[in-house]
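Common to both upcoming complexes is chain A, partnered first by chain B, then by chain C.
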Partner chain A sequence: MAKVIVYPPTSMILSDLVERMGHQALVVPSEVRSRVTAPGIDSPPLNMTPEEPKKGLRYAAVDVPSGVRGRMSLIGPLIEQADAGIISIESGCLTGCSGCARTNELVRLLIKTKGIPVLEVNYPKDEVEARAFVRQIKSFLEGLK
Partner chain B sequence: MKITKYVITSPESDILPSDIAMKIYGSKYDVNVKETCFGVIINGDEEVIKPLVEEIRALDPSGIFIKERGFPPGDPRRCRGRRGGGARPGYYMIESEAKLLPLISKALAYQAEGEATASEAETKPAKKLLDTKKLEEIIIDEFS
Partner chain C sequence: MIRIAELACGAEYSGIQKEIDRAAETVGAKIIYPEVSLDDILDVEKRFGVSVASGDLNLAMARATRIVENPDLADAVIVLTCFRCAEGAIIRSEIGSTSTRILSFLF
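What follows is the complex of A and B.
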């Protein structure tokens, strides 16, 4: 079973396809869960604290906006764990933790430069494209250990 | 550890969110269920949720999609009832991807159908070619 990071990191379709093929999808909600359900000083625990932009310095410089660094503190550790990646180029609607274009550029760059197998796909617009989309993802995931 | 998952049905699926909820109520699993317009949210122990999710998926393998959720169901930080209405922040992504679900589920069904046909063809014995001597006999019988 390989750990596969999907972009957008909140994608239902990509993460579902990865899990269907028996791999583990690395997605932001699991990272958020570990923060909001862990007991801490904050009550209720927060998914984003002033500490997160500091942790994000591992991935982005200090002059980069704190929003980017905060988001990277969530997504960066996922990229580090990844054995493979699936990137959807035209992702449509992106909100919340994946709603920042600069963070998304950085995430795509880090996935591509990590040296792991990466599949780039486009969300389908018709049935023919949908069949090709599923077939491409399936054959990519079958090739992973 | 408790985890939360969305079970989302494709708009063209014959399975309704209430069918999934009823299946969970009737199961042996001890989980919290919240029915929504697009599916259900289930919350429970990780060891319980994983087999349950597979059972739910078996209701319609190509029409049911599973997604992780960070916050537990009804969490005051996300629940719109406590935030004065409006959609929950992550809903827009689900709404956007839900439009594609009929296409994806058709493609998954097509893929599964193709695999079934291929495995059927593999198990079926290959047709033997007609022996030339046999063919000669048939011709002689036919025209004599």
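What follows is the complex of A and C.
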């Protein structure tokens, strides 16, 4: 079983495909869950405190906007754990996103430069493309150990 | 109670949302988030006139247009975007120029 990071990192479609193929999907909701179920919620609802942008400095420079660094404190640890990645290109906000295009660019960059197997697929626009989309992802996931 | 509409794209992720809530509480105000539909967000470029890539900025723009169309929704507006974000700065300044009841700030 491999740990697979999906992009967009909140995509239920991609995470479901990964789980169905017997791998572990690394997604933001699981990271948020660990925060909000931890004892002592300092800053509801996501429990993001002013400390989070500081933790994001591990992944982005100090002059990168604080919103990007805060988001990276959630997504960055997931990228570190990843054995493989699936990137859906031009998926739009409805597929699940972090809300910040600049964060999305950084996430894609870090996934690609990590040196792990990465599959880039175009988000499908019709049923034929959707079938090809699933087939490509299935084939990629079957090749992972 | 004073209703302050918050239009922001990353206040939660920047870890300052609690401070905003606390500041509103100290002046007896309540932070509100105007309801918008999915179509409002997807079509916001046509009504606002600017196209940006970030989903949360599109949401902020959709909320801004909703308040402009229905001024009774809020008594005041606070617009917040990240410091050093170019597209955030453009949207912040555009929203900030629509009314005098708007406080524009960056974090």
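The rule is short, and it goes like this: the second predicted complex is superposed on the first by the 136 of 145 C-alpha atoms of A that agree within 3 Å, B and C clash if a C-alpha of one lies under 4 Å from a C-alpha of the other, contacts with A are read in each partner's own complex, and residues count from 1 in each chain.
We take it that contacts are C-beta pairs under 8 Å (C-beta built on N, C-alpha and C of every residue); 3 or more make two chains touch, one makes a residue touch a chain.
These figures come from a predicted structure and were not determined experimentally.
Once the two complexes are overlaid on the shared chain, A:126 sits against chain B while remaining clear of chain C. When the two complexes are overlaid on their common chain A, residue A:100 makes contact with chain C while staying clear of chain B. In the superposition on chain A, contact is made by A:52 with chain C only, not with chain B. Shared-chain residue A:12: touches chain B; no touch with chain C. For chain A, the partner with contacts to more residues, out of chain B and chain C, is B.
In the superposed model, A:66 makes contact with chain C only, not with chain B. Applying the stated touch rule to the two superposed structures, the overlap between the chain B and chain C interfaces on chain A comprises residues 44, 93-94, 98. Those residues of chain A whose C-beta lies close enough to touch chain B in the complex are 8, 10-13, 15-16, 19, 25, 27-33, 35-37, 44, 47, 92-96, 98, 123-124, 126-127, 129-131, 133-135, 138. Contact residues of chain A toward chain C in the complex are 42-46, 48-53, 63-68, 70-71, 74, 93-94, 97-102.
For chain C in complex with chain A, the residues that touch the partner chain are 9-10, 12-18, 38, 41, 52-56, 58-59, 81-85, 87-88, 107.
Interface of chain B with chain A (complex): residues 1-4, 6, 8, 65-72, 75-77, 89-90, 92-97, 100-101, 103-104, 106-108, 110-111.
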